[in-house]
Amino acid sequence: MLAGVIGATGYAGAELIRLLSGHPKINELLLASVSHSGESIETVFSQFTRLGLGTLLSPEELVSRAGVVFGALPSGKGESYAKACLDRGISYIDLSADFRFDKDEETFSAWYGLPYVYPELRNHSVYGLCELNRSRIRELAAQGPVIVGNPGCYPTAVSLAAFPALAGALDIESGGVIIADAISGVTGAGRDLGRAYHFPECGDSAAPYKVGSHRHTPEIYRNLDIMRKRKGGRTRLVFTPHLGPFNRGILATVYIPLGSGSGGQCRPASEDTAAKARQIRAVYSEFYRDEPFVRVLPEGRSAATNQVRHSNYCDLSVHLDQSGMTLIVVSAIDNMVKGAAGQAVQNMNIILGFDERAGLESLPALF
Amino acid sequence: MLAGVIGATGYAGAELIRLLSGHPKINELLLASVSHSGESIETVFSQFTRLGLGTLLSPEELVSRAGVVFGALPSGKGESYAKACLDRGISYIDLSADFRFDKDEETFSAWYGLPYVYPELRNHSVYGLCELNRSRIRELAAQGPVIVGNPGCYPTAVSLAAFPALAGALDIESGGVIIADAISGVTGAGRDLGRAYHFPECGDSAAPYKVGSHRHTPEIYRNLDIMRKRKGGRTRLVFTPHLGPFNRGILATVYIPLGSGSGGQCRPASEDTAAKARQIRAVYSEFYRDEPFVRVLPEGRSAATNQVRHSNYCDLSVHLDQSGMTLIVVSAIDNMVKGAAGQAVQNMNIILGFDERAGLESLPALF
Amino acid sequence: MLAGVIGATGYAGAELIRLLSGHPKINELLLASVSHSGESIETVFSQFTRLGLGTLLSPEELVSRAGVVFGALPSGKGESYAKACLDRGISYIDLSADFRFDKDEETFSAWYGLPYVYPELRNHSVYGLCELNRSRIRELAAQGPVIVGNPGCYPTAVSLAAFPALAGALDIESGGVIIADAISGVTGAGRDLGRAYHFPECGDSAAPYKVGSHRHTPEIYRNLDIMRKRKGGRTRLVFTPHLGPFNRGILATVYIPLGSGSGGQCRPASEDTAAKARQIRAVYSEFYRDEPFVRVLPEGRSAATNQVRHSNYCDLSVHLDQSGMTLIVVSAIDNMVKGAAGQAVQNMNIILGFDERAGLESLPALF
Amino acid sequence: MLAGVIGATGYAGAELIRLLSGHPKINELLLASVSHSGESIETVFSQFTRLGLGTLLSPEELVSRAGVVFGALPSGKGESYAKACLDRGISYIDLSADFRFDKDEETFSAWYGLPYVYPELRNHSVYGLCELNRSRIRELAAQGPVIVGNPGCYPTAVSLAAFPALAGALDIESGGVIIADAISGVTGAGRDLGRAYHFPECGDSAAPYKVGSHRHTPEIYRNLDIMRKRKGGRTRLVFTPHLGPFNRGILATVYIPLGSGSGGQCRPASEDTAAKARQIRAVYSEFYRDEPFVRVLPEGRSAATNQVRHSNYCDLSVHLDQSGMTLIVVSAIDNMVKGAAGQAVQNMNIILGFDERAGLESLPALF
């Protein structure tokens, strides 16, 4: 298969190059850039020096030659390529937010400040959170070329943490707020320079950003709402992203209310609480039993970004607070892999009928 | 004044040395160590080479000579020195948890697994969160030598973030859970070696630890409960600490429920919500108006650990989620200064009648 | 092929696991540990949770079953396993220093303080710096099972930087000192805890260590001496390692005197000097023309550890000082890959007749 | 004294603010900016929020009111303010390179590509490396207002490392090359954004830059040449800067040839070599005996940037290579303090007759 990457000069593009180069079913890779076409990819990413990755094409030329296309462009910039792909009969995997909201243009526009360019493309698109939509993706792909709206990094981490709790096996507080507190490495901000990403301004420090206003909020909300509706109940979500002084990884700590406790004294968790935690952990393990890339960690272990570094795994650790009334699920992904390029490759594998693990089997690297 | 530091060979000890050396009212500094007495402090902390800081005394000798004593020892190890100080008529500022729970030995023992050694010392001790207890500290000190239970780092950051909301001016949800999600630099773990603090195991990564079981939980709970009782209502608290790949600083993101929202669509914050945030920010500013070391940040700014680095400030930024129903307060302190040695010096200043800012006026260093 | 790793619980062991798991010719992997046999590898390296890597064997059992064995043990601890492998007719790739000095036990003992346990094993061993000894390794392996003394991390980086200059095509100063100034990430210190590797003691800082006394000095010296003898002349070497606050990578800056200049004014490099640099760069490019893992960077670029991260590449950038009399070659490797596990796999590929790139083709990851 | 800082919005400016705010002789501080005059310093550096540091003046207004002025501007931008200060009868301490080369405009122009704007100002200027020029600075200041050319960060670290060896007490190789290999934290690059300083491009990595062409080369050369001429002999210098993933600090490893050795076998250092190292260390200690800010470390210790963090100290550790023929001196400074703002304050103290340590007595902070 000949795969193409449009937007190869961004960080998600670089990661797609890295993953697709090692994919057993991809025998050729085409790269394109809107702004750097005609240049060598080496002039942009010097780590790719002398690797024979070729010259950056124009997106148009890439679309005309590739067998499957990845779009790693800012929101609003890729719809025409998606359309061109469909017209040519090939699938398009989009890493922006353009196709994450399906036909709900209103929500997309409210948060991204953009209209849909070709609204009708949503007749052929599917939201690509594999663990949620695998069968839908497969079904749609069986009918012809598709567009996949590859999920955001935070929505992937947070949704996978919350899904088993919302899916029905647990008693959770009706109307309670789910709080997702997450921290990302600086690659999440992309390759564009910015004061906040200048090493001396973020090195050796931690800070929140876009509190109460991050664009991933409605995507997380929608995912949780879908899962919750299987059981009934109202969805409420608070999401706060932070920036930490590391390169890769997202750690999300998700708080899910299990009911209204009595308050009272603050004492260490009882043995009952520990037993309850084990039960919930078992629910989580069962929920993800067949998932190739979700690992529910055993008791006594906590998710950590370096435990999934450079891999497509999402690690989940399941805890209760001392009172046993709040479920705390910690989720760790590599934001560039499961949070972007890796999940995009996973979606390609599903669409094209490859082994879902193909090209994604590298073990996590602690460092 | 001749100040003494017992436990000078730990990180809090080193920070006390750094701060007290620059304190205008301290003209001599004595250092003691249980395990290294007789050695030079330079052999332990080579950054102190050739600075004339002298030889480590035994704690007993230090107590016999100092005018005020700081104890930077593990919990359960310092009570006898506290007693010896009181007996000699000098005050003792304790950086462990031994005196943070006043007469509530039950809570202390439940979480720390230790009894009080000299329970009666709590007749002369006071919890040293300056912004909460300044007048009590002053009153007690007016009567004679005192013991100060210097607060934990997380309790300082979290309590200052929550106090104005709990104190009565805001409508907050009765029975709602306050969630405190915090991340600390690795100095918070102290000088003892451990797998989790080995550079390759924590560098370039983030992870939670002691989820649902950290010993600072009851201290935070107690502080919030005190403040809440001014208004009435039940206190519920969930606290999750994380470790980040930086040296200093704690960032705490505290979620306070303002009421039960309607759920429904997820839309960006309305202008009403922005206005409500401004009102709450004004309440916070008013609450801390006269505090020398608490800064409520203006609209559009977020607290960050590098904004308070090497200083005694606690920065607070006040936000609402998109629905306006959850108050999000972000708190940043330097865990070694306001979270340990700096607040201890602040307590000394209060006790001894010095300007509360003395020795603590260094500006934050961005890097 | 069934490969085995003895010493799987150290960092080099973990990296061997990572690389061998993705190797197309290795269909099964056995892991052994002297101290943890019987335990699951997951209990040591939690990043390997749920990956089916099995239980740690005893080294003896591993040797009895494997088709090729990697030894990642401290110097002096692996000779008996090497012997057992030879006796069984299988090859042993040793990542310690035990087989790096061939029959020169005197030098080994002088620096490592240990005798050879089975000196006669050196009749079957070869130093595994692939770019130096590829043909010798092949020849020896053609005759039967071999022991490979896999090079040290610093010697790999420094030797590859100096070889082309010493090999004869350049005029270098007779008797001049070659200075190798290098900095390593903290994984180079291994998994054992130590004060110097405690995050707060090395984070956000840089320092040298073992100045004038690092054990890699004689290995580098020997390598340079071998290459220099092709031309004649005396070898002098100064090597200084440093520790930097990063996980992986070695950057070595190697200074090679080209002759004795006139001193005089200090002016920017002339065009003649730039031309001379281009000529030397061409010599370097020619020297490594057929090497799969050495990249001589084009003019205007400098080697950097993140340009080779997670890859088996050694990047070299060639420079002159402003006077044109000192050649400055900067070398970057991933200390865990080309500096340890990757080169060991490369040696296995050579020995077993696999494509030398097999299992080592992953692209460098900038982050 | 009323001190003024022009260029207060850069990193050196911020550090001057930090140091001067704690200076016992400075009772008021004026800040100016060419580009941000009229704004609050808080809008640029949010760490200074609510500290009452006032509004940024125009440089002209500042000069008209201050009693001493610091210029923290790019080279070529500050001469007119220096002139205005002299005209007003006040001293000007310049942190750019404009006054580091005294009357040697030719060297300055060759490396900086700029002419002197007011060459005659060099009749009133002095190079401000305190340990070299203290008496000249004092003498000149005794005659009236002066301009100080505050040294570069690398020249400070490297010169202090080499001076005692060059000053005459040691036998060093005539015509031998001195190699200065140094690594700096990212604050050294200043506040302007750049690809190389974007966190994901320099985090967790190390790289050289401007090899053979850094502008600090002629300044170091000149300093070494001055010292060497006291004894005679020719000066040759190679200087290579590197960038490391930390905020502050410069570590310079300086290689000084002591003579031409015999080559031969590579063995660990002999006892004679250890004795020779002790003698040289004694020469260094004696040389800096009365210096308030230079610490020659005892045997067995190495300089490290975190040992001088946030302080004005320069730490030197003295070593020999295994053959005893190359002197290796490692120098550590905080690039923002002794390498910039701290030394500028030290110069102010000398000029104005204050205690040279005033405002610079804060202890090094390990973290």
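Details
For reference, chains read A, B, C and D in written order, and residue numbers begin at 1 within each chain.
What we mean here is this: contacts are C-beta pairs under 8 Å (C-beta built on N, C-alpha and C of every residue); 3 or more make two chains touch, one makes a residue touch a chain.
Remember, predicted model here, so these are calculated numbers, not experimental data.
C-beta contact counts were set side by side for C-D and B-D; C-D has more. Put simply, the chain farthest from chain D by mean CA position is A.
With each centre defined as the average position of its C-alpha atoms, the distance from chain A to chain D rounds to 47 Å.
For the pair chain B and chain D, the distance between mean C-alpha positions equals 37 Å. Residue positions 11, 185, 187, 200, 202-204, 245-248, 304, 306, 309, 366-367 of chain B are each in touch with at least two other chains.
Against chain A, the residues of chain C that register as touching in their complex are 11, 14-15, 17-18, 21-22, 45-51, 185, 187, 203-204, 247-248, 295, 297-298, 301, 304, 306-310, 315, 336, 361-367.
The part of chain A that touches chain D in the complex is made up of residues 11, 185-187, 189, 191, 193-195, 197-200, 202-204, 245-247.
Listed in rising order, the residues of chain B touching chain A in the complex are 107, 110-111, 175, 177, 179, 181, 183, 185, 200-209, 211-213, 217-218, 221-222, 234-240, 242, 244-249, 251, 253, 255, 257, 260-269, 302-306, 309, 317, 319-323, 325-326, 328, 330, 332, 366-367.
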